[in-house]
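Structure first, commentary second.
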Amino acid sequence: MANTRRTTKKGAATQTNEAMFAGSMPVASDLTPFQILAPDGKPVREDLIPDLDLVEDMYRGMSRLRHLDDKFMSLFKSQRLGNYAQFGGQEASQFGSAMALNRQTDYIAPMYRNTAAMITHGWSIQNAIMYWRGHPEGWRLPDTANILPVIISIPGQVLHAAGAALGLKAQGTGGVVMTYVGEGGTSQGDVHAAINFASARKDPCVFIIENNGWAISVPRQVQSGVDYLVRRSVGYDIPGYLVDGNDILAVNTVSKKAVQDARDGKGPSLIEHMTYRIRPHTTGDDPKAYRDENAEPEFWRKERDPIARVKKFLTLEKRWNDDREVAMVAEIETEFQAALEAADQVASPRPEALLEYVWQNDVWQIKEQREILKRRVAQMEGA
Amino acid sequence: MANTRRTTKKGAATQTNEAMFAGSMPVASDLTPFQILAPDGKPVREDLIPDLDLVEDMYRGMSRLRHLDDKFMSLFKSQRLGNYAQFGGQEASQFGSAMALNRQTDYIAPMYRNTAAMITHGWSIQNAIMYWRGHPEGWRLPDTANILPVIISIPGQVLHAAGAALGLKAQGTGGVVMTYVGEGGTSQGDVHAAINFASARKDPCVFIIENNGWAISVPRQVQSGVDYLVRRSVGYDIPGYLVDGNDILAVNTVSKKAVQDARDGKGPSLIEHMTYRIRPHTTGDDPKAYRDENAEPEFWRKERDPIARVKKFLTLEKRWNDDREVAMVAEIETEFQAALEAADQVASPRPEALLEYVWQNDVWQIKEQREILKRRVAQMEGA
Amino acid sequence: MMTQVLEKATETKTMTLLQALTDAMDVMLAKDPKVVMYGEDVGRLGGVYRVTTGLQGKHGEHRVFDCPLTEAGIIGTAVGAAAVGMRPVVELQFGGFMMQGFDQIFSHVSRFRYRSRGRWSTPLVIRFPFGGGKSLLEQHADSPETYLMHTPGIKVAIPSNPYDAKGMLIAAIEDNDPVVFFESIYLYREPSARMDVPTGYYTVPLGQARVAREGSDVTLVTIGTMVHTCLAAAEQAAKAGIQCEVIDLRTVVPLDMETVVASVAKTGRVVVVHEANLTLGPGAEIAALIQEKCFYELEAPVLRVASFDTMPSPFNSLNHYSRPEAHHVAEAIKNVLSA
Amino acid sequence: MMTQVLEKATETKTMTLLQALTDAMDVMLAKDPKVVMYGEDVGRLGGVYRVTTGLQGKHGEHRVFDCPLTEAGIIGTAVGAAAVGMRPVVELQFGGFMMQGFDQIFSHVSRFRYRSRGRWSTPLVIRFPFGGGKSLLEQHADSPETYLMHTPGIKVAIPSNPYDAKGMLIAAIEDNDPVVFFESIYLYREPSARMDVPTGYYTVPLGQARVAREGSDVTLVTIGTMVHTCLAAAEQAAKAGIQCEVIDLRTVVPLDMETVVASVAKTGRVVVVHEANLTLGPGAEIAALIQEKCFYELEAPVLRVASFDTMPSPFNSLNHYSRPEAHHVAEAIKNVLSA
């Protein structure tokens, strides 16, 4: 009875195509990344250029972060840092978005590449150095900053963000949560679960996809058949924004809007920053094994640098010159050296740190293991 | 440096709204479920009415399935069946889609409510009875039917479907995989992972959302903020179809199209069947605890029944009358009684079944446990 | 039977395990505004087992609510909500569905405090019905305690009676560690397990085993539903003059080995009984610890009675061959005595 | 050192563990067209550890390919692909990320045959680097064997040397049961662990332990990287006149208790050593079984040396205090002898 296959009476049902079904989803429309400044530093949206003091702050902030990223890479090379996930090239994406938050009320749920966003939201450089050294005191997140733990397992943080948003709303704090995920990470089911959860409840959460083109060696196209991941916003009926992630003015403008909407009870937004990982995946990675370092990355390094773009703009606006640059770099370097020295002066990790903070009060196994640890430490010191 | 908040120079950036961003996702367009037959049995798309023999087969098929669902409910009441997940009301959705498959080459990856789709694809009624009795022989899937195991844990089957599609494509069999998930199940991350995986690779898979309005007691609106879940197709750049799931002609037409596309190497489609769970969630559920059984469900039972709709059409077309109905019901009942008798005659489960099929060759623990089992069986027989 | 003494006399009411759990949640929703409860069907319906019945109506939709169908979402959001100051009590529909969200437990619930060096903790409770003994579908009868016991940083509570259930659930909600709370499907409404339970607030500390029956010949170490199975076996054995001590662990994390060791010192013979399948079930750790800590007291090997190493049987009429029954335990008692 | 005898003389080549694994996959891709390999970065890059280096180039993009970043997707699709006749060999980037797909393992990989009564099986291999000893980020050093050992229906292979690695991986790919294959990050390129490995096809059966060193005083039962740690401890002990027998289990499922029991019959003293954290680590089951099966042979309790009950230490400079080292095992040997 089943599987009967016949020619159709009126001949049509075998020649159907999508267009003829009333219920067919419309073909994807064009989408262009939102931009305020062109790569040559010239405004494409004069009407959206903010106060130049703010633009200068953005330039200084990004320069400081890039300097830090450079320094971290050389610390790794000289074995004064562990394996580190660079954010270089993504300064506009992280600084421009995180600066849209209110540090007192708002939270960040970061992933491993969000050192820039975390520092923007109140992590200290010294803390960051020690974290990437694998020093327990570096793992101690500051009480003064609303930064949830750095997540390595992709994309745990997006669910924490949705949950923190639920919690903040329940407490009526007016706080907003911002979280980041790589374009590779969007293939994980949890990203869907989180966005759907938060949007069904209209909780105050901003989801940012940092599309830097690569997931280690896997290019964007392997992750999904769709051109822009932000198209998924339609599936949750939340605002979605495609943004030139190397244009900090565009990034910041959209982030502010999304944060304000979240604060106003309008629920989450999904934002895709089109940016680029100009550096290796981590300091342990060698991209030559999978991409031509003189092709695409070179273009982004030279032609699409988010910092150079703002510098060009400020120079055109006569707000910037070489003297200022020299002074700024000196200032940044001084700050960094001070942080590095402070980090260097922190005592080596205490072995006891291994057994702290597992349960609030130690179960007996932890107590027994602490005795074992003491013996081992004594042995090592004896040896 | 961060968190600088100033008034903007040109005053605009604080008053932005979605519409002004070039990269904003367009506002959701209207979407109407695809329909060929109206609820009153009158064609709304004359051009798509197939051969009446086929329509009659559909009517007979759905009637047979509804009869089965009724019988299963009464078997449960008389304790001759375990807890059972009814598909009543979803006959068009399951029969109409599964009949679009080729039984020889194509696969179904079913969930617990897909008894109708499974029978359409070659499961026997006897097998179904024994499955829902918790009889090991009922769990034995027939070698002759390409039906993957029934999945209880939502929504495991969608990933199996994506994987089977990968496997069939690799083997060049031309086969297609069809899988089903409830609208509640679409909130799970794995649904996203599966659709994204299959669509990135263009594997031959058809994903059907059976939107029956309820996930046990949880109504559709709690699952997501979007009006139709099929809008998610846009996020994978695959065809998406919203279908009147109680119109078997519409269901079958769209399924055929999606199956043919998959077979032709065009990759997966996402289909949403708007239907309704006219019955309790399972035989163990009492919907009075969470919905007014005289409101919404009554409307669907009376006004939107998928079987009544085709009957009206066939009657209008003079292809159906009471005599035929009486003969058909007798035939169906005879078939069912034969299957029930056959099931009743199967010997009680052998205790040894407990320890079979865990590993291909028993590990020693299984061998030891078989000895224990033998002793326990002997004891029980002795007692 | 209770080792707990209430500080002051309170009113009591006869309750099933299920009613005691509902009552615990009612008390905590009233006491602490940070407590929220969510999951699949917990709101309007009151849960598929009706454990949250009435709570939404009484405490409001912002305190007790249904959420999208996603265990990863339920657990993962509870982590974030707990971090920012809530006390989420989330329900999974069955223990067998915990795995859909297990990455959040393994990677985050258990590690937030360690990972942030105390800056963030995750004071949440994950509740679910577990275990067999009823004829249910596949994945409705799992006993997944191993996966949690091996994962540091979590507490695991498995009450065996209404009094403990209420006191332990209140303690769990107030605990600053994440607690996974196992609720026996078999005992939920079991009339024979009903008992008098104080109506107000009280706690039963997590980590203290209970001697459910005293005895000097054999120690039965067990948990949850199996406490009753062991008590029945002990009853039988008593008729043959064998005195079994039955230890209800109450929690497997923390694991109260002091109570176990004290009993073994007395009896020298132990049978561990649980519903989870044998290999690397909780009994493995308990047996390994007993042989280590009581080597010279043991007069026979520690025996284990557990379900077979298969998935929990979905074959209704065969279930009782695999899942421990009193006469299986009785056989082990005989064996441990004759070793 | 090898207990295996090759049926016919074949050419050999000196290989690291990593090279032996690559070679095994190369052999099987050539031998069986149903074998496909996928995962994150396994194609163009050849995996983050380069275990699949060259395989895509040699066997084509349809045999070895990158897929979207989703462990549930990788494992779940492998289940479906295996059911319809493929032999998927999938890579997870680290053992710590298995949990993102663990529901598919727990609910489906392990249950497909049982659930369909033999109609469908899941002959797939899930490979991943695991364990510590290198300074890596969090979730890059986990040893999740417990979660798999307790889940029936899966085999779990953890080779300790290049010869076994190749032979066991080929056996795993040919096995009709799903196999989870642990690859020691520490040993991948370890020069001291290089050895001569036959260049062609051969198998090492899954489920047969190997006596890596004979001895009569103490039995060390271990697996994977820890085999080398135990051999080093045994070497040290030998200097003090103590002869340790080192048993490399090779697989924890199936678990070759015959070899263990035979050794304990000889020594009467056992130390179990593994990288996973102590509580309910694989050592719990092994200790529970030994005390049960060798009660009268044991002269001391079975001791366990394992990592502390915390997440694997992400604090690089402290790692060696928790993860078993030769001198930790040496101390346990001393203790088990003085008990």
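Order of writing sets the labels: A, B, C and D. Residues in every chain begin at 1.
Note that a contact is a pair of C-beta atoms (placed from the backbone, for glycine too) under 8 Å apart; a residue touches a chain by one contact, two chains touch by 3 or more.
None of the values given here were measured: they were computed from a predicted structure.
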item	value
Greatest separation from subunit D - chain, by CA centre	B
Contact pairs, highest-scoring chain pair	A-B
Between subunit B and subunit C, centroid-to-centroid distance (C-alpha), Å	35
Gap in Å, rounded to a whole number, between the CA centres of subunit B and subunit A	38
Between subunit C and subunit D, centroid-to-centroid distance (C-alpha), Å	32
Sequence positions of subunit D contacting 2 or more other chains	67-68, 70, 72-73, 96, 99-100, 103, 107, 111, 114-115, 138-139, 152-153, 279, 309-310
For subunit B, residues contacting two or more additional chains	136, 139, 153, 187-190, 193, 196-197, 200, 222-224, 358, 363, 365
Of subunit D, residues touching subunit B in the complex	34, 36, 62, 67-68, 70, 72-73, 75-86, 88, 103-104, 107-108, 111-121, 152-153, 155, 175-177, 207, 253-255, 257
Residues of subunit D defined as touching subunit C within the complex	96, 99-100, 102-103, 106-107, 110-111, 114-115, 138-139, 146-147, 149-150, 152-153, 276-277, 279-285, 287-288, 291-293, 295, 298, 300-304, 309-311, 339
Footprint of subunit A on subunit D - complex, ascending	40-41, 44-46, 48, 66-73, 96-97, 99-100, 135-140, 278-279, 308-310, 313-318, 321-322, 327-328, 331
List of subunit A residues in touch with subunit D within their complex	82-83, 112, 133-136, 139, 152-154, 184-185, 187-190, 215-218, 222-224, 289-290, 348-349, 351, 353-355, 358, 363, 365-366, 369, 373, 375-377, 379-380
Residues of subunit A that touch subunit C when the two form their complex	107, 109, 136-137, 139-143, 148-151, 153, 156, 159-168, 170-171, 175, 177, 189-190, 193-194, 196-197, 200-201, 356-360, 363-365
